[in-house]
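All chains are identified by letter, namely A, B and C, in their written order; residue positions are counted from 1 within each chain.
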């Protein structure tokens, strides 16, 4: 570990914190994914609180203050907490969220009670609780890094080895059980991974903020990929980057480490949610606006065609009355259509241009196709699982099927295959 | 000057008032499945407290309550916004939002407010043992200030419950029916969570965040195992909170342990008893009924009241 | 009876309604009208948008285009004239309240925010409970009820609303034939009391034999009118194609 610490261009303490934050990020990112993807993120919150009594008991029992003894105590308590959550849920009436809440508060209360015993029995003081709640990265030692690092490495190795059963169970527990996978064991392993991630992280960011470290990397990675293997890798990288960036900022601005890391993480996750390509909020709201606009323009165009068909070219007001849309909407649609060169206005009355007529024709064709699909679609033998997109039936179904469909519609008869 | 109530009584009364305030709200959190959102809100108010302190240099209850209320709303809206993107599940949205707000609060405290009577310890896990020493004067009499504060909050919660009883009931049971009938479920939910935030922040300095959350969740969950109607559920929830308050104080004194922690432990113990022995939903009760029926009929599978929560989920 | 109802003004009118889930239309240019004092059904294959249509009518589903008229006025202004009965599994039946408390919810709109129910409200609630035959069960916790009884509770709640238009989403899902028939008798008697009852249903046989009016829906309106016309063999084929019981034998039975 020495060489690594020397390699980093920071002071000794900062280097230790930096490495600790990276290990925490990787562990929480990869191992936390299995909780977040099962929608059990807040179990992580409960378990990080639940480790407190474990730490206290380990301390009372052994009198040792070294990190690994306390970590074992934390892990045991975390496991018991996880088992309690499952047990409460399985007995029936209590729903998961309440079970998580009950275990969180009960274990934490027990922890506080034990902590007062500690304070009474020997010189340990409330500072211990502070450190526990908010983390104390500065207290990390080289030996802690070695322990955290090896724990992290071993669990990552296990994830890699058991990747396929984990993936199967993650997606569909009952299927995994039906093909003979040891479901209980896998569930146990997933819980163990969560507990390990918490035990590694809780010292650095504290019990209250730990849940963010579990959630941020997976939420970020999920926006960037849909493949589990890639997701785990990205989550690990995101976790490491968030941890290290947060540690650096906190060191240079002398801010508390845990909260700084969590704030950095939140910003990263938020960016991913907003900006992710093809999925992010910005992309989708843009698409929604375009879709709405398109629907409006098409609707107004059809209304206009109907009006022209029925009589003289209408004015904007007449068109609005006729179509039953608000006048502002009709105006907006007409403006777009005008810009596209579909309209010609003579003395306030609206006509279709040649290209406008072409657009109407295409639109009507598209609609009649969709009508034909709704009516005769079931008669088609579609060789694969392709499904029609109402706005572009031709390219979603393919030319052959579209032609057959049109033919069926023309025959209009009952030509069951 | 005389203290109106003895120190012991002040602590017990504070806890009983807190238990009442929380026990009234808890059942709706359980039924609306907003238990963890309430936990998040209780944490997320911290930056509100800090900000008020930084801006006005004050810990005046009303200003702090307003500041905390604002951040409670920010927390709830933030969770809703993120969840409504459809990109993040509700649990993860909660796990994203409240830690960041809490982290901002922690940074605010450590950077700007350290050493000026705004310490994290008392905010997060409080120390109910100190409540008798923080006093207000009323007409020459000294009174632990947590009593009038929590008394007001309890009263407000009670009035809210009485006024909005039918709105709370219908939006919790059938939100879409409520919406069609002009009672907005979002509005009612938000009102409830603001009440949670106000209760939490008022109780912080006397008992701390964790005991507030405990009192919100555990008595109501216990009551849910014992009752089948809403009004009894609320009443039993308050009663369990009282048992936790009084029993917790007693055991804390005899064991010389943290009072808040002991109250939490007693509440947890009540829950455990209900989980095992509740007449209708208790684990052991149900097992006994099942075995007895099985031995009686030895034929078709018994129709024991199954964990009905699952059926409709 | 259907001939008579044709003469009356429509109690519910849907004009060119389009609604979509993530840009795929669930309803497309749907036109429909339902005459006053009729028992009407909305029928159609799976994914035809039946429940979506009900939700759009009461404003629970955002609409892309088109409008809904209740008694000739925009639905959003006339929602107090509608009693909406959601699908049974939309609520938590483990909820700790009694039958009577659920039915009381039907009076909440009338009572308004904060104020309590008055004596008249309680009378109406009791009447509604008696009317659906749930009198002996009024104080039961709702979790103890059977599927049919739960549906009766929902219908009682709608009755207590005193709204002239009642919309029911799949009330017969998951109940046995005897219960279905009993519930239908109840709905018919409600119609005879002068209300318009619109039911999302999937059993074309029942609709043909016992309903007055039907909207046949498959994303678009396939047919809308008295059952004899709207559920003609031809329109049934156009809506269901070969997918739902499409063998000619069965179609014969429907039309028979």
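Structure notes:
We adopt the following convention: a contact is a pair of C-beta atoms (placed from the backbone, for glycine too) under 8 Å apart; a residue touches a chain by one contact, two chains touch by 3 or more.
None of these values were measured; they are calculated from a predicted model.
The touch graph of these protein chains is complete, with an edge between every pair of chains. Chain A has the C-alpha centroid lying closest to the overall centroid of all protein C-alpha atoms shown. Separating the CA-averaged centres of chain A and chain C is a span of 38 Å. Chain B has its Cα centroid 28 Å from the Cα centroid of chain A.
The geometric centre of chain B is 40 Å away from that of chain C, both derived from CA atoms.
The residues of chain C that reach two or more other chains are 94, listed in rising order. Chain A has residues 93 in contact with two or more other chains. Across the assembly, chain B contributes 224, 308-309, 313 as residues in contact with two or more other chains. For chain C in complex with chain A, the residues that touch the partner chain are 15-16, 18, 23-25, 28, 64-67, 94, 218-220, 237-238, 241-243, 246. Considering their complex, residues 36, 39-42, 44-45, 88, 91-95, 97-98, 100-102, 104-106, 108-113, 115-117, 120, 126, 129-130, 133-134, 208-209, 211-212, 214-216, 218-219, 222-223, 255-256, 258-260, 262-263, 265-266, 269, 273, 276, 279-281 of chain A touch chain B.
Residue ranges on chain C touching chain B, taken from their complex, read 58-60, 79, 82, 84, 86, 89-98, 101-102, 104-105, 108-109, 111, 113-114, 116-117, 141, 143, 157, 161. The touching residues of chain A, counted against chain C in their complex, run 93, 288, 291-292, 295, 299, 324-325, 370-371, 374-379, 389-391, 414, 416.
Across the interface of their complex, chain A is touched by residues 30, 33-36, 39, 43, 82, 85, 87-92, 94-97, 99-100, 102-104, 106-107, 110-111, 120-121, 124-125, 210-211, 213-214, 217-218, 221, 224-225, 255-258, 260-265, 267-268, 271, 275, 281, 283, 286, 306-310, 313 of chain B.
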